[in-house]
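Below, chain A partners chain B and then partners chain C, in two separate complexes.
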Partner chain A sequence: MPEGLANRLREHRAGRELTQAALAEMVGVSRKTINTVENGVFVPSTTLALKLARALGCSVEALFSLEQD
Partner chain B sequence: MTTTDYEKAERLGRKRAQMLPLFAILFLTQQASYFSGPNVDSGRPVDHIRIAAWLAMSIVLLLVLATGGGWFRSREVRALMNDEATQAHRNDAFRFAFFAAMIACVGLYVLGLFEPVGGRDVIHVVMSCGIGAALVRFGMLERRAYRDA
Partner chain C sequence: MTDIEKAERMGRARALIMALAAAVLIFNVWLQYGDPQYASAGGRGASWLVLIGLWLFILWNGGGLRPGGRVRALLNDELSLQNRSRALALGFYAAILLTLACYVGAWLTPIAAGDALKIVSAGAISAALLRYAWLEWRLH
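Showing the complex of A and B:
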């Protein structure tokens, strides 16, 4: 996980009973990308973060936050 | 994009991740045979073919690294195979390859202080180190990304 960045993508996705593949289709990326974002290996671009937030019906801040917040 | 596109991209992406380290091994093995055998100056046709094969393979692998491959697939499948996580992995692989090539240059420079090193040999080593390092790094990052996916 990049230093200082927390993400709650997995919780939000699971809360909407979506698989990684389903969420990937909704935002137009591969399942691998969703997996790497959830595992904190990859920090998505602003565009993808906005698409993820829109697909999950929440704000970007609900998905990603700075750890000291 | 259809579900089939996503499935295809997933399958091809996994296959690519598995194949990259194998390509690296094959490529570097070919490199070893270049230095262990007689060089192109020997004039034997077989050596010219060997060098040409290495050059052709280098160019193909460079193009795979630069584009992400999947050349004969639809635009949608290619886009999924080369989405932003993959592009980040490729960028990281290129950065890694640059350092590997520079380290090879430093090594060859030092070697050149003690014995003459031919220009063709230098190109061979630098290209092989760069391409080999990029293949290994890209493959490693892709395999890690697919783990648990």
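Showing the complex of A and C:
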């Protein structure tokens, strides 16, 4: 993961009882993209971050934050 | 089968095909090295152009020409585009390094221009294909 970026995608997804595949379907990306975002391997674009936030009904800041925050 | 599952299956197949294509390209260079017939004007010489052109095109657009819009979009989503960019960057570095290797190698033993160009083009395309295949495969 790039230095200093934390994400809570897994918690929010699990909280809504969605599988990675279901969330992927909702935002129009592959399951591996969701998996790599959750694991911090891939940093999504602003567009994808906004789509994820909308799909999960939360703000982008709730999903992604700087680690020192 | 959902579009997501289809895209996953095709993504795995694409990675495997790209790795195999890289091996075939390298094998071709080894097989044809030093034989001027394979670099001369004519069918054999032109087949190299077609082979390199084909894989360059596939690398450029990510393959997946057949499936419909949604599956194709899933196949070439953000992560795949990033992987492709990383693969193409490696291909570029491979091309430069192989060019230097041919340049230095020619000090020691003569290398025909056709052979040198095949080494550079096949090496660059193979490096990009292998990198892309690896980046995609490890995520499945």
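Just so it is clear, the second predicted complex is superposed on the first by the 69 of 69 C-alpha atoms of A that agree within 3 Å, B and C clash if a C-alpha of one lies under 4 Å from a C-alpha of the other, contacts with A are read in each partner's own complex, and residues count from 1 in each chain.
Quick note on the criterion: contacts are C-beta pairs under 8 Å (C-beta built on N, C-alpha and C of every residue); 3 or more make two chains touch, one makes a residue touch a chain.
All values derive from a computational prediction rather than experimental measurement.
Judged by the touch definition given at the top, the superposed model places A:R8 against neither chain B nor chain C. Legend: residue contacts after superposition of the two complexes on their common chain; A:S45 is shown touching both chain B and chain C. Touch criterion met: A:G28 reaches chain B and chain C at once. In the superposition on chain A, the residues of chain A contacted by chain B and by chain C overlap at 21, 24-25, 28-33, 35-36, 41-42, 44-45, 48.
Residues 1, 3, 6, 9-10, 13, 80-81, 83-86, 88, 142, 144-146, 148-149 of chain B are the ones that touch chain A when the two sit in their complex. Those residues of chain C lying in contact with chain A across their complex are 2-5, 7-8, 11, 70, 73-75, 77-80, 82, 139-140. Taken together, the chain A residues at the contact with chain B in this complex read 20-21, 24-25, 28-33, 35-37, 39, 41-42, 44-45, 48. Residues of chain A that touch chain C in their complex: 21, 24-25, 28-33, 35-36, 41-42, 44-45, 48.
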